[in-house]
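These notes open a run of structures that come right after.
Two complexes are shown next, each including subunit A; its partner changes from subunit B in the first to subunit C in the second.
Entry: the complex of A and B
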């Protein structure tokens, strides 16, 4: 039986001088996709930088399959793949040149041509692989980005905003790539696109105010938030009044002077409000950000 | 292949600038290829714009590639200094491959009289100049690129390179300024055709200075990016001191022409009757000179001219070792003599002969394939100024063919004859015969052209008011009574005649042409 991979982030803190960016973060994840959510400034990028070894935590450790990732010298780039949010590259080299170079840098032991050919086929890069990267569309560039990250079959994949800037068709395609590659690797994705998270994530970690606000599955996230979210249909005057009293997480205009709102339940219930059977993941996310 | 920087080579050359660069290199080759008919070394010095073009390409492309901070590579290539070395290696490979173009042209269009050893010398000299200037440009580009990590690094790199370029195109004569010349000391001046470039101490120090300069730039990046900052700063300071050391050592040891104190010899009561020499010319000169001297008055000191570039092993007078002092190009021998006495003086000495003028052009030299020893100007053997004719018996062992006013020496040869001075020449020469005369001329000379210029020069000498040539000399020249003509090299300031008649050999200064 395959044991699978295991990543644990243990009591990790990071500060810029007196400015605390991450405060005693701990969570663990296994093979599959773990989505890292959080508002701007929550510390997602810093956590990514710690995982990639580009920054060092002031406290704590990051263990990958029992090995302290940050104490391993040199940093094991053969075990970790990284796709930054802005994947940019020298426009005058070809995709093949890049994959070939990354293969060399990671010191992969397999046959170079066969490995690259397999990756090219897997990510449908065939039509452009020998073209200059400067000529690539956004979609092809993103595919090349993920291709270079997965070359050598790393156990941990760190992907920052994988579908940002892609059109819906490309996003769908990219999601399927991510689902496929996450079968054998811990795939940690930082994203703002909740829709994507709902479709492919096994685990969600929400960062808020430099700490973890939630760590669990999509179902657990919805289950935990649904009991605290209420729905109410109201008119404009009452809506204006409610805005001052509760945290509204969704507003929808139903018709002339009719609105349906979702808000976080306070101690006192508001007359006419009710708990719905289903809420969106976005509602749940906003709940965790505002509770 | 792991370790070979294919990726960065491609990143540097897969752009239009590379093709513009190649086009310029080809254009410059085409533009100056005729200079190869003079000598391969003339081409090397005239290819100045080709070096600049290549330097600029490597500087800009290296600065551009290293200043790009792509996140993927920040993750994969954590050691920015390793990346710098990869780029420098890439620059070296590009530089070496492109160098094949001018080098192929040098081989294809060379003067057919170019000897194999001079061809190799020319190619090596070109490759050294090309590679070192290119590597300095790439080092400047990568260093500033790493430090700034911004596009502006290209501009700043260009400014720093511009400083060295400015130092290189301004012909300066101070030693330190010449070391800052990233090409060759005499890039824009006519150099010595017969000797070509001489790989002497000055050449070595010049290139060492450039390597130290590159090392200094690299240590700056190390002191910024490595943990042991203080150690690297100290190393950088040491390199700076070494550069200063090169300047001091060079100023002290590079051989320069100095005027001989001929006035001290105005009334010496002796003359050399015969010379017997056992001479060896390889990359240095070794000689045992046996002088039979006659004396017309009593004295206790024999004073002879002998250049300071030589170190004297021993001096014997009548087979007994005697004390001597050798300084300011004068050899003072402690020996007493009486009128009408003759003494046998044996001086054993040796040394490197690598004298240059202020611009770094070789003047008097001895290498394995080039020799220029005009005996009446350069005291390469113990002599007195303006000597009377003596009998010479010279056994010479040389690694190349030596032309002299006593005849030609090949391998180990002995030549004898009477002459006022012995001059030896070797290098890129051709031997031509015309009307019973032998002309030993540099390989780029045309005989007819040379003859008409020589006639013109002799005509000028006849008209000159303060000429040093005697009437019989002029007549001798006008009658073309000389048997051999050899072109040598000496500074105009030392002998304004431009030609010298030594017995039946006419020696003409190359700088007249």
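Entry: the complex of A and C
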């Protein structure tokens, strides 16, 4: 029976001078997609940089399959695949040459040509692989980015904002790639596009104010937030008043002077409000960001 | 671990002309510039009374500016060109991940390739430039070698500012400001850190010690600039 991979982030803190970016972060994850959610400035990219060895935490440790990632010298690039948010390469390098370079840097033992051909086929890069990267569309560039990250079958994949800048069709395609590759690797993706995580994520970690606001599954996230979210149908005048009293997480116009709002339940319930049977993951996310 | 580092270095050299210098364009451009310099030096040599003039504390700016300022500027501009795309589209982040460790060794090698070629080219061309003064004797050797700190210094300054600010234009701006101020002040503005020690005749006009200290300082500063540029802050 396959044991699977295990990543644990233990009491990790990071600061720039006196500015705390991450404060005592701890969580663990296994094979599959773990989505790291958080508003801009929450510390997602910093955490990614710590995991990839680009930054050192002020305290704490990161263990991958029992090995301290930060104490391993040199950093094990063969074990960890990384796709940065702003993945780009010199425009006059071909996709094939880049994959060949990464293959050699990772010191992969398999047959080079076969491995690259397999990756090219898997990510449908065939039509462009011998073209200069400068000619690639955003979608192809992102595919090449994920191809270089997964080459050599790393046990940990770190992907920063995987679908940023892609059109809806490319995003759907990219999500299916992520779903496929995460079967045998811990795939940690940082995003603020809820749609990216709803279908495929096994685990969600929400960062807020430099700490973890939530760590669990999609179902747990919804279950924990649904009891604290109320729905109310109201008119415009009452809505203006409610905006001052409660934290509204969704507003929808139903008619000329009719609105349906969702808000975070306060100590005192508001007359006429009720708990719905279903809420969206986006509602749950906003709840965790505002509670 | 040593073996591992050198293996990674081998990978860098193996892929150099497919990743960092496609089809050797930068190399060819460097060699073309050095060829032009060589041709110029052959066609327009320094006057034969050069040594007598500088011993009389004359400033031979028209003669020495070529190797004091023009050649180092070309080396610095080639450095800017070689690293321009690293910072234009944040490629440096991606490449930095694949070269873990306290020093970005590929950056050192890329810089050293340009500087090495310019140093060799400058040394040989200057040998021909000063051939009427001394043709490849000991004096000729010293006349040619005295310009090398300028090449190392200015290109290291360019790399340092570019790498620290992650912006090629900032590197160009600071380097050009330094260059212009030093050139037009005839070495008075930066004094011991001036590149114009030969053109401003520091050796005879001030003192041999001052001149040698200036050359040494430029080399030390270049080492510091290179260290700052290539040190990966984790």
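The rule is simple: the second predicted complex is superposed on the first by the 291 of 291 C-alpha atoms of A that agree within 3 Å, B and C clash if a C-alpha of one lies under 4 Å from a C-alpha of the other, contacts with A are read in each partner's own complex, and residues count from 1 in each chain.
By definition in this document, a contact is a pair of C-beta atoms (placed from the backbone, for glycine too) under 8 Å apart; a residue touches a chain by one contact, two chains touch by 3 or more.
This is a predicted model, so every value here is computed, not measured.
**Student:** Looking at the overlay on subunit A, is there a clash between subunit B and subunit C, or do the two fit?
**Tutor:** Overlaying the two complexes on subunit A (C-alpha atoms) leaves subunit C and subunit B clashing.
**Student:** After the superposition on A, what does A:164 contact: first (subunit B), second (subunit C), both or neither?
**Tutor:** neither
**Student:** Looking at the overlay, does A:56 come into contact with subunit B only (first), subunit C only (second), both, or neither?
**Tutor:** A:56 sits against subunit C, while subunit B stays out of touch.
**Student:** On the A-aligned overlay, A:100 touches which partner chain: subunit B = first, subunit C = second, or both, or neither?
**Tutor:** A:100 sits against subunit B and subunit C alike.
**Student:** Would you sort A:75 into first (subunit B), second (subunit C), both or neither based on which partner it touches?
**Tutor:** Both partners, subunit B and subunit C.
**Student:** Just to be sure I read the superposition right, which of the two partners does A:28 touch: subunit B = first, subunit C = second, or both, or neither?
**Tutor:** Neither subunit B nor subunit C is touched by A:28.
**Student:** With both structures aligned on chain A, tell me which stretch of subunit B collides with subunit C: 26-34, 116-124, 170-178 or 278-286.
**Tutor:** Clashes with subunit C appear only in stretch 170-178.
**Student:** Once the two structures are superposed, pull the subunit A residues common to the subunit B and subunit C interfaces.
**Tutor:** In the superposed arrangement, which is not itself an observed complex, subunit A uses residues 52-54, 74-75, 77, 82, 84, 86-90, 92-93, 97-98, 100-102, 104-105, 107 for both subunit B and subunit C.
**Student:** Quick one: in the complex, what on subunit B touches subunit A?
**Tutor:** Listed in rising order, the residues of subunit B that touch subunit A are 2, 6-7, 10-11, 14-15, 65, 68, 70-72, 74-78.
**Student:** Spell out the part of subunit A that touches subunit C in their complex, as residue ranges.
**Tutor:** So the residues of subunit A touching subunit C come out as 52-56, 73-75, 77, 82, 84, 86-93, 97-98, 100-102, 104-105, 107.
**Student:** In the complex formed with subunit A, which residues of subunit C make contact?
**Tutor:** Against subunit A, subunit C makes touches at 1, 4-5, 7-8, 11, 14-15, 18-20, 22, 85, 89-91, 93-94, 96-101, 234.
**Student:** For subunit A, which residues are in contact with subunit B within the complex?
**Tutor:** Residue positions touching the partner: 52-54, 74-75, 77, 82-90, 92-93, 97-98, 100-102, 104-107, 132, 145, 148.
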